[in-house]
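Shared between the two complexes below is chain A, which pairs with chain B and chain C, respectively.
Our next item is the complex of A and B:
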């Protein structure tokens, strides 16, 4: 059988879902961009010199990112216990590994920037709104509230991170940009899982939409404030900040939520 | 070796009865030459990075609205076709937008 006869788009949807929610799929996917990249970067690339103000801004931003990664690490690992299907459990297991790696590479980058106790210090430097968001996500997971957990973590948090990292890559130093680019590739799976899982769920349980709309409304304030503060810290002009949040707004609009 | 489930040499997206039936479809020999590395190797040729608003899409390409990757097919795409975005797990249907461009919409 020749590889030329393969047409992924002809597949049955159930077979497609089964494959992409497997550990084998995850392993073969990350192998493409993580092999030979310890801490998510080319080991032969030089560590760039940053001036003090750039360094301080980057440390604050990476500290905030770390809070997001810890939130998702704790959230995804907790959700495995009450995920509604084996496929969802396996996917979340892969997400836990991804989030742990993200935290590790970001702590490593903070150490490169001169933070002596990155793990002990990042919360103190992080954005307060994101810390509040993490607390809310923890409450949903604690309550084993699947739809609220997926909305908060895999739709809202992951879309926000995807947009923030994508924007940051455009202006970051080469080493940070390479590290974030690898993280961004993982985020595609995380937010895609969230939108598709919740989309299928809402098609079956449309009555859930109004409750989730209220949850979204509460979380929006925290998410958008985090967006705004992080973009400001990175020097993104006010005129461009709205565009960064567009991806998140488009995602929730596709799911039928009002903004 | 490829997955037997993917043996689709006779596959034509128009056969589902929903896609526009016009001229015969042009076929494309997709190659794994775009540098896209986010899915297993055997599927990489079906995707490429999107280079932004000035990135002109070929007739066999659409952008995934969920994760902004360019999805490629071995045939011209037409409204009604189904495509999968493997990097973000999305099933999509191709539509023609008001501007006349082909776009993809998520099918949950």
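Our next item is the complex of A and C:
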């Protein structure tokens, strides 16, 4: 099957969604950037040398990212059980593998940085606000609350990761930047699902908006606090810490959720 | 433990599956392959193909629900990552078997009605027994039920169907070849992962063995429903295929020629093959196979 991108937008919306949420679509999308890139990087490229303080800062940052990826892995897999359609279930299955791959490539990068037990150590280094976010997402999934889960996972968490990774890529070493670029490509797909699904849901049930806005307000506080703590730990001056937070709020607003 | 689990990483899965045996395929078969005209044009053969494929969709929907449900319950990150690959494998199986129903002429807005009409009630109960454990977050019982019992059954069913279709329906045979490769991986994880966990939780054995007994009962009942009382249908199918000039080659599977066997023989070879594998695999992980015939 070839994905005929010109024709996709001419098709009716349901058929379009069926195609872009399928395994076949995922399969063809990721082939482009994952083929010949084990663990998301060019195997022939040298591993960059970092000084001790750069290494420690990167280890702390990647550890926090790992917590986010585990939250998304547990969230997406838990949501399959109560997803409202077969197509949503199949899309979420592709997201489950994406998130598991993100965790794996980040742990691989941590091992390259000399962390001997990355799996055992990353939670201990994780930001408490992000851990609180992860708990909140888990509660929505446990309660089988579809609209809250999609908001928390595919809008808020994915936008948070998008903003963090997009900002980080600007200053990261080439190997980390390459790894994050592949991750970002996946996050765009996940955000697209969130935007589509919630957009359609709110068109049919506009009364849900005020509830979702309240949830968003609570989660925004945890996201922005995570950014503040992480930037402070990295030694970023206070005046320069708001950029990634603004990018996050702008990203969520573009998905239909203004602050 | 972590050494064998390296074989179940995302990277290994990417290289063997999407970048391996799925390369240059669409919905699991070669691009452009179609269902044989003989099946599409003959109502008896088409209906039989639809009924058989519906059971595969039901089984794979259960497997997708089970593997995704077990991710959260997994006690370590490598197991979570493996189950993530299994979740996507099962989702792919749902997609390709659903696509086969469409290829056989089932309309998209009729899909759920067709599945409801043809889904074997014993297969549905088989799924319910497993999903009850998954819903409770019981990782040990869930992996035995899913990766030893369900995947063990699926593996043999797919192999038998592959043998039956290898000459007459290359498209479906190719589709099945990919699923067989996936199930082999899934069964391997079950065997490798559960042994050590059972040593840590030996008190779980009686409950897991009861679950296995109940699932086996429903599995054997599904096989019985699929084969018994179908002698006339089977003869008719073979007659149609022969009249249409389909080449009559032997298709021997585990000592039984599937082109000549009667329904009872087909049911027996499938049941015997599955149960033999169950006994071997369960024994390897420290469980005793429980026959549904026992009180």
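The criterion applied here is as follows: the second predicted complex is superposed on the first by the 226 of 259 C-alpha atoms of A that agree within 3 Å, B and C clash if a C-alpha of one lies under 4 Å from a C-alpha of the other, contacts with A are read in each partner's own complex, and residues count from 1 in each chain.
We take it that contacts are C-beta pairs under 8 Å (C-beta built on N, C-alpha and C of every residue); 3 or more make two chains touch, one makes a residue touch a chain.
These numbers come from a predicted model, not from an experiment.
Asks: With both complexes superposed on chain A, which partner does A:100 reach: first (chain B), second (chain C), both or neither?
Replies: In the superposition, A:100 touches chain C alone.
Asks: Contacts for A:39 in the overlay, against chain B (first) and chain C (second): which applies, first, second, both or neither?
Replies: Only chain C; A:39 stays clear of chain B.
Asks: Which partner chains sit in contact with A:13 here, chain B, chain C, both or neither? Use first/second/both/neither.
Replies: Touch partner of A:13: chain B, not chain C.
Asks: Name the contact category of A:21: first (chain B only), second (chain C only), both, or neither.
Replies: The first partner, chain B, only.
Asks: For A:77, decide between first (touching chain B), second (touching chain C), both and neither.
Replies: In the superposition, A:77 contacts chain C only.
Asks: What residues on chain A does chain C touch that chain B touches too?
Replies: Dual-contact residues (chain A): 1.
Asks: Provide the residue numbers of chain B that touch chain A in the complex, in ascending order.
Replies: Those residues of chain B that touch chain A are 1-9, 11, 13, 29, 37-44, 46, 65-69, 71, 73-74, 81-91, 106, 108.
Asks: Within the complex, which stretch of chain C touches chain A?
Replies: Chain C residues touching chain A: 9-11, 13-15, 18-19, 22, 26-27, 31, 64-65, 68-69, 71-72, 76-78, 80-81, 83-85, 87-88, 90-92, 94-95, 98, 135.
Asks: If we count contacts the way the header does, which residues on chain A are in touch with chain C in the complex?
Replies: Residues of chain A touching chain C: 1, 22-24, 27, 30-31, 34-35, 38-39, 70, 73-74, 77-78, 80-81, 86, 89-90, 92-94, 96-97, 99-101, 103-104, 107, 119.
Asks: Using the touch definition from the top, list the residues of chain A that touch chain B in their complex.
Replies: 1, 3-13, 15-17, 20-21, 25, 28-29, 32-33, 162, 185, 188-189, 191-193, 195-196, 199-200, 202-203, 247, 250-251, 254
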